[in-house]
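Down below is the structure, laid out as structure tokens.
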Amino acid sequence: MPNEFGLEIINLSKSFDNHTVFDDFNLAIPKGEIIGIYGPNGCGKSTFLHLLAGIQEPDKGTIRINNKKPKEIKPGIVFQNYSDHLLPWKKTMENIFLQEKIQKNTRSEEMLDHLSDSQKNLFQNLYPYELSGGQQQLSSILRSLINTDDLILLDEPFSSLDQNIKNQAHDLILKNRQNDRTIVLVTHDLLDSVYLSDRIIVLKGTPVHNKYLNLNTKYNFKDKIDLLHSSFFSDIYKQTMEYIAS
Amino acid sequence: MPNEFGLEIINLSKSFDNHTVFDDFNLAIPKGEIIGIYGPNGCGKSTFLHLLAGIQEPDKGTIRINNKKPKEIKPGIVFQNYSDHLLPWKKTMENIFLQEKIQKNTRSEEMLDHLSDSQKNLFQNLYPYELSGGQQQLSSILRSLINTDDLILLDEPFSSLDQNIKNQAHDLILKNRQNDRTIVLVTHDLLDSVYLSDRIIVLKGTPVHNKYLNLNTKYNFKDKIDLLHSSFFSDIYKQTMEYIAS
Amino acid sequence: KSFKPVVSQKTIKIAHFRETSALPFYIANEKGYFKAENLNVELVEVDSKQLIDTLVTGKVDFTSAIAWPSVVGFEIEHPEILKPFGIMGESNSGDTIDGFLVKEDSKINKLEDFKGKTIAFDNPRGIPSAKMVFKKIGFDPDKDVVLMDMGKDIIASALLSGKVDAVWTTQPSLTIIANKIKTKIVEPNMRTRYLTDPYWISPMGLTTNNFILQNREIVNKVENALKESLAFIQNNPVETRIIATKYTPLTSDITEKMGVQTYKSTPDNQDYLSMQSIVDSLVEAQILKKGTGLIPMYAK
Amino acid sequence: MKRSKILYAIGPIAILAGWYFFAYYPTNFNILIPKPVQVMLSFKNFPQILMKSTIATLYTWSTGTLLGIILGILIGFICGYYQNLFKIIEIPLDFFRSIPSITLLPIVALFLGSGLTAKFFIVTFVTFLYVFIHTTYGIKYSRTSKQNLALAWRLNPWQNFREIIFYSSLPSIFAGIRTAITLGLIATISSEMTILGTAGLGKKIIDNMVIYNTTEMYEIIIIIGLIGYATNKLIVILENNVIHWKGH
Amino acid sequence: MKRSKILYAIGPIAILAGWYFFAYYPTNFNILIPKPVQVMLSFKNFPQILMKSTIATLYTWSTGTLLGIILGILIGFICGYYQNLFKIIEIPLDFFRSIPSITLLPIVALFLGSGLTAKFFIVTFVTFLYVFIHTTYGIKYSRTSKQNLALAWRLNPWQNFREIIFYSSLPSIFAGIRTAITLGLIATISSEMTILGTAGLGKKIIDNMVIYNTTEMYEIIIIIGLIGYATNKLIVILENNVIHWKGH
């Protein structure tokens, strides 16, 4: 019987030249969760996402997503430097639907319902390089959510978004939760992370061993403001900061 | 007698194709201030910085920095997509000092005192493309602070930084305040903006006319936590949000 | 045209391109005939297409043989500059200078066998003469045979690969190809046999009117030396070929078998008629836009 | 815009001025340079005298070049993707590339005869080579970020080519095409000079060279130069229209 | 690594096999193809027979090409920066580029004589052209982001070239150099074939062509091919060492 893990990492090791980023790292996450990854600059968050995406190969160890090999799934991904990953030869809207078009030859128009008319216009008429940073990032998020079955990887996906658009993005992500879909969210904004995630993995500098904080962050607040002012959040905040400072 | 403005914008207009971003925009800022720019995605913040930097030309209007034309000053700048603006053919440390080396043939080694040994090592040994996003962004901030006399332009400069490095960057920026140096900071994090800035200009969608909020944000709190919990900040927060929603 | 004072004892420069067509000059140089005339001669090697250029721009004083189309063509464009002297060609009494090469097992043995065949010419001047020859034997040269030009370097490949049934070429290619691949020569020297005998292909050399005006004596001496060369060629066929080996890229196995052109230092009336008909045929074949009289060119 | 048109005129005017000067100034070689007016006048007879040859040349050149460009892009892509295949053909390509085609001609003629096939082969081969090299360069230096996308999306080679690599390499491919069309024209004319073929400007060059008809020679040179210039211009216009994302 | 070496061997082995086959298999033209063994054996006499010519060719080629490369990069940069200058020379360049050098040779010879000067001129001109084009392409397609930096920093043209444009354009320049060294070699040999000059492999080719000495012809072809291959290989190694930031 297959196990029930959405994400399973076994004895993962990865180095660049003489710099070890992961050293025998293990992690198992139930299916259907949103996982926040939190940790200092250069601790290996982006590397982790690249490994999950199959962009980089582990030196050692195994990665399973819904019990499949990374090569067998087609993840959606927002890169940290999102603007480099939009194709300048295609209009923004074509970029948004490109992955789906290539892989399934369908077009999930319903995704557009979440956009305002002016956003739709923008994406329809302009090439990515004609957009502002935040507009590019929003289109990257949309692209990553369309057509992906098992895994969505979000590397600092709100870094250029204003308050309203960030909320729009949060809604989009929450609406796209699915039982057999794992969403990995890397962000330095702990509030965003707690708000969206079911669990936060806190890493602490390189190399990443098997010591990390695995915080359950499921909660019951109505909205972000309530969450911010809750003792639940300040607890998590304290734990995280203490762990990182330790 | 020259005026005392660090930054003076007169009747600035700028359009892309048929999209007007600035329409007869006017602004005058006293010398030596840190100015926060706050506003929704696509309202023209990056465009504004590009105009100040001389990367783009206004369609109409005048820009003066310390009473000089943009072409007469050599600004330091952190771009929103910072990673594209580090030169991959040079080690990170060379990148950091490159502008100074070209323009003054000096090397402000004292800047390095603010870095930890491991940061110094990293920047000395690795090319920019071997760094993590946050490490790249920090090196971009350092580069922008070195050797710049009149103007420093920071476009979302903390978007990839972790808490500690962000604080380090804040310190660096505050240490580099000077009487005749204007620092323009674009960020979606209002707390960061209030913490660092003497004044915040709040913009509200395009085109930017002469209607904008000009908030004095000089304060007297010891640290950011105090600021966060102050009514001073929540006042500013409220004013800003109301203005944007209006 | 400006007159420059005659400079005595100057070096006489003669342009050539390491081909047997310059044999009289090589022999005069080798056997000391120039020296005997008290001439200080330098042989200057140039590209075959640059002979006239170097002559008329004053870089050399003489050139070795150049075929009629270039000489006449230049005369038409720029009259009264070139001065040809001597003649070179083929004759029935002389060696084999040209011919059709066909494969050894080919059934082609005489002109009549070419009906319906394709012939490549490595030299555009061959085609008009061939047309006249074929006319003589009753062919319609535009229908009964296919005549085409082709680069020298690929005629052997074309023959071997069966792309053409025969190639027509001149010395030394004729001997070289015959040496290399199994072929036979058909209808050697067709031009002398069917058109005129001897058939004069080109002058023996060129100088300019300007040079003659100022250096008539030198020109006479050069002509005298070349006359000696012609006598030598007549009397010493073996040594002639050794000298050819020395002055050209040809190897002795080729020069030994190769035919040598017939030369004559001064044309007579019959020669002029023969030459003129060749030039006229070039005009008729539209290789030349128009003709010119050769006698005035030769007249001193 | 008006000023920029003047700038474009400077080059041709300078050349024309130089030509006039050397055609009339008494050097020892000015008789070898035809008078500009004569050459211009000779264009009157273009339809009767050179039209057919020009068309023949254009035909061989355009067909051979087009084929070479397509092959260059396709095989360049395949080799850029399948490095092993590249390794197999790399040595032969770099080997034969350096050998002047005039040297290879006799060998080519052995296998392909000396007719149109050989001519097409040479033109196609030359254009193929340069488009091929530049396609592989385009692929080699296409941005890592875009290839990371292809990896994450698990694009198969053909999808990757169609959606990403092809566009990424376009600037380099266009540079290759500009080299290739010019070299293709040169190859066409050079092979018309030696290889059999009824017509073509190359043949006319040889014919006129032999009889020192410099006027028509210069006319042909001008025709070839204009063809080359016009094609280059067209390609640049095409390129600037296609690659709207220049620099991004 | 071992496997990749085997792949590299496939190409040459296939060619050698083809050569053996056509040299011995009784086609109607196998007589024109020399036996591989004979050609190999003829290399014994290389020092006496071809050494001098090879050195002469290498000398003309390397000097002319080096000069052309340097000029191509410098003038390419200047034109990339000063678009007005580019406009002035664009038409003449695209015009003359398309004309086979064999056609221009008589004109060049008028001005430069038919000696070494003309030979160097042609080799330098050809290499210059292609490095120039590719340098301008490198500049044209260098990334906007980097040029924004140059703008913000108020770099003067020379600083911009030295610190940014030069590196940005390097991939394109290297592609141009690879094209140029090959075409430079071809130009050297072709001009040795026609222009007078002391020695050189081109001269030897003509001499051997005339007498159908295919053995030495093939030997020369192999020498030229090896020179071309080795130089290309060297350039690629140099390139891979210099451009460590490939794709970034």
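Brief remarks on what is shown
Labels A, B, C, D and E are assigned to the chains in the order they are written; within every chain, residues are numbered from 1.
In this section, a residue touches a chain if its C-beta (ideal position, glycine included) is under 8 Å from a C-beta of that chain, and two chains touch if they have at least 3 such contacts.
Remember, it's a predicted structure, so these values are computed and weren't measured experimentally.
Separation of chain B from chain C in touch steps, taking the shortest path, is 2.
Identification of common neighbours of chain C and chain E yields D.
Among the remaining chains, the Cα-based centre furthest from that of chain B is the centre of C. On a Cα centroid basis, the chain most remote from chain A in this structure is C.
Two copies of one chain, chain D and chain E, form a contact in which over half of the residue numbers belong to both partners. Chains D-E form the pair joined by the most contacting C-beta pairs.
Centre to centre, using the average C-alpha position, chain A and chain D are separated by 49 Å.
One finds 28 Å separating the Cα centroids of chain A and chain B.
Note: centroid distance chain D to chain E, computed from Cα atoms, is 16 Å.
Across the assembly, chain D contributes residues 29, 32, 102, 106, 110, 143-144, 193, 209, 243, 248 that each touch 2 or more other chains. In chain B, the residues that reach two or more other chains under the touch definition are 81, 84, 129. Touching two or more other chains at once are residues 49, 53, 57, 153, 156-157, 160-161 of chain C. Touching chain pairs in this entry, ordered by label, are A-B, A-D, B-E, C-D, C-E, D-E.
Note for the complex: chain D touches chain E at residues 4, 7-8, 10-12, 14-15, 29, 32-33, 84, 87-92, 94-104, 106, 110, 130, 133-134, 137, 140-144, 147, 171-172, 174-176, 178-179, 182-183, 185-186, 189-190, 193, 202, 205, 209, 217, 220-221, 224-229, 231-233, 243, 246-248.
Put simply, chain D touches chain A in their complex at residues 143, 145-146, 148-149, 151-155, 159, 163-164, 167, 243-245, 248. The part of chain B that touches chain A in the complex is made up of residues 16, 39-43, 45-46, 80-81, 83-84, 122, 130-135, 138, 155-156, 159-166, 188, 241. Of all residues in chain C, only 49, 52-53, 56-58, 67, 69-70, 72-74, 76-78, 81, 120, 124, 148-151, 153-154, 156-158, 160-161, 163, 287-289 touch chain D in the complex they form.
Remark: chain B residues 50, 53-55, 71, 74-75, 77, 79, 81, 84-85, 87-89, 98-99, 102-103, 127-129 touch chain E in the complex.
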